[in-house]
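You will see chain A twice below: alongside chain B first, and alongside chain C after that.
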Partner chain A sequence: MAKQTSYFPELKRNWWLKHPYFVKYMAREATVLPLVFFLVCLLVGLFSLLQGAESWQGWLTFMQNPLVIALNALAFIASLFHAWTFFQLFPRVMPLRVGGRLLPANLMVLGQWLGVVVVMVLAAWIFMRSL
Partner chain B sequence: MTTKTLSIQRYLPEQVSAPYWQDFDVPFDDSTSILDALNYVKEELDSSLTYRWSCRMAICGSCGVMVNKTPKLGCNSFLREYEGPVKIAPLAHFPVEKDLIVDMEPFLDHLVAVQPYLIDDSGLTNDDKESTETYKQTPAQMEKYKQFAGCINCGLCYSACPQFGLNPEFLGPAALTLAHRYNLDSRDQGKKQRMPQMNREEGVWSCTFVGFCSAVCPKNVDPAAAVNQGKVESAKDMLISIFKG
Partner chain C sequence: MNKTQSGSLKKSDEPIWWGLFSAGGVCFAVFVPAAILFIALLIPAGIVSPEALSFERARSMVFSLPGLMFIGAVICLPLFHAAHRIRHGLHDLKLGSKRLNKLVTYGSAALLSALALIGFAVGVLSP
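Coming up: the complex of A and B.
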């Protein structure tokens, strides 16, 4: 009987650096990292609100730190980038039929962006009203 | 006629234990496919070069190779598309037997596991089993799965899928696509039998929607869409089974 002669290259940990497509995929996945930072900031903010005026002021000063602003700006851009990729994938995962006809993909993408605008306007309205 | 350098990964286990790269200068014009170039090497330069091919028209699915780290059908990609030297290696994520020949058995095993054929044990289509009447299907019913029925089992999507590369137990793009394709088919009754395979961790849930499978598919089947539609089906199946107890 012939001996085992096949060669099976193992996938190394840096596999995603080997092709531009995989780098782009990892960029999409990595958008979660600055977003985690933003969420931690938000939770700490809520917590300091409970702690009283002094800690709330401390949190406000922390949030005005240029590095914190930069990281949160990055989180905002990253979440928009993630939304952009996600909105394109959505029509492929959940193709919708209206009256037996497939809804065009770009119409679904447009609908999702309209949703984003509505949420932003709503958030801005609530924010402005409280000022 | 100008020439292009083809860098081919050789693996001759009976002579050298490790794979190595070998360069060949191949004349080409606008119509020279990668497969034509490989044929030229075999006929004119080195008859020991081993690779699979058959139809030359992207329907048999046997000439898949990695061209500059991207899975391609040799017959369906052309030297004119590449600047500089072209690196050709066997399909990734499969055991290599010799030169550009890989062992497709892991893929075929996964394919068998999802029962990619019409299962009809209901007797609904033909009351009389002796009847020679064929299945009936409207164009609208066919349209639901038609896109996913174009698979030629070339395996390019498996070479594109890092999740399959990291875990060969993952059923993978083509098998899950075919499972979904038959589940969508109005003539089929086999969804109940396929769902346990799709529900497994190595089923649809191992997919992280990298999407490279759909980018490399030579038949535009969009396996990533099928697998992720399979996730929706799997989630529905789980909810239903919870309520049924």
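Coming up: the complex of A and C.
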């Protein structure tokens, strides 16, 4: 009997290295890795805040560690890369009509970036008021 | 697929994970960049005065209603977004098994979110 063959060749683990598009896809998937690092930093900060002023000061010092700053800088870049890919989805998933006319996708993407800027200004006000 | 004995389709839990992933994705794109910029870059680097996160100030900011909104939008929802991407990333790299990956990723996100909310509750209730 002939050897049984499948129409579906088995996918190798490094399949995504074979095309720049797939590499970009995996890079986007990987944006959450430095994000998780930042989130764990925040959780540790929350619990050091509960343990008193000394512990909180220890956390602030930990956040000044060059390696921690470097990883969080990576998380910052990753969050912007994620935003760039995510904002392009919105006009495709939920096209909006204004007065019977389709809102241009570029305008919707721009609107979302505007949202990011507004949040940053708001954060600047929250952190820097009465300093 | 997923047929029960009665022949009806089994209810999928995917919409829940997908919904948390989307909501977390919006938060990751809109709120997280500003949070990283100030809490993890500008203040630790001394560009913004560390007084911005003094003990008293941090306590009054975190253990308040805006603090709860911050925990939801910057910690809990992005955790589920990350869990979803890690789950599918593991599948793409052919690591682990379907059931185990789902349990570990969403389980970790749920556990860490619960910890954040417990920490918040303790902080609000303690004088």
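Here, the second predicted complex is superposed on the first by the 122 of 131 C-alpha atoms of A that agree within 3 Å, B and C clash if a C-alpha of one lies under 4 Å from a C-alpha of the other, contacts with A are read in each partner's own complex, and residues count from 1 in each chain.
Here, contacts are C-beta pairs under 8 Å (C-beta built on N, C-alpha and C of every residue); 3 or more make two chains touch, one makes a residue touch a chain.
Remember, it's a predicted structure, so these values are computed and weren't measured experimentally.
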Joint occupancy of chain A by chain B and chain C, clash or fit: fit
Between chain B and chain C, more extensive residue contact with chain A: C
Touching partner for A:7 - first (chain B), second (chain C), both, neither: first
Chain B versus chain C as contact partner of A:115, first or second or both or neither: second
Which of chain B and chain C A:100 touches, first, second, both or neither: first
Which of chain B and chain C A:69 touches, first, second, both or neither: second
Which superposed partner A:42 touches (first chain B, second chain C, both, neither): second
Chain B versus chain C as contact partner of A:128, first or second or both or neither: second
Which of chain B and chain C A:19 touches, first, second, both or neither: first
Chain B versus chain C as contact partner of A:80, first or second or both or neither: second
Overlay on shared chain A, then closest C-alpha pair between chain B and chain C (Å): 6
Chain B and chain C contact sites that coincide on chain A, given as residue numbers: 11, 16, 29
Complex contacts: residues of chain A adjacent to chain C: 11, 13, 16, 26, 29-33, 35-36, 38-43, 45-47, 49-50, 53, 56-57, 60, 63-64, 68-69, 72-73, 75-76, 79-80, 82-83, 86-87, 112, 115-116, 119-120, 122-124, 126-128, 131
Chain A residues within the chain B interface of the complex: 5-9, 11, 15-16, 18-19, 21-22, 25, 29, 89, 92-95, 100
Of all residues in chain C, those that touch chain A in their complex: 25-26, 28-41, 43-45, 48-53, 55, 58-59, 61-62, 71, 74-75, 78-79, 81-82, 85-86, 88-89, 92-94, 112, 115-116, 119-120, 122-123, 126
In the complex with chain A, residue positions of chain B that touch it: 11, 13-14, 18-19, 69-70, 92-98, 103, 140, 162, 165-166, 208-212, 215, 222, 224-225, 228-229, 231-232
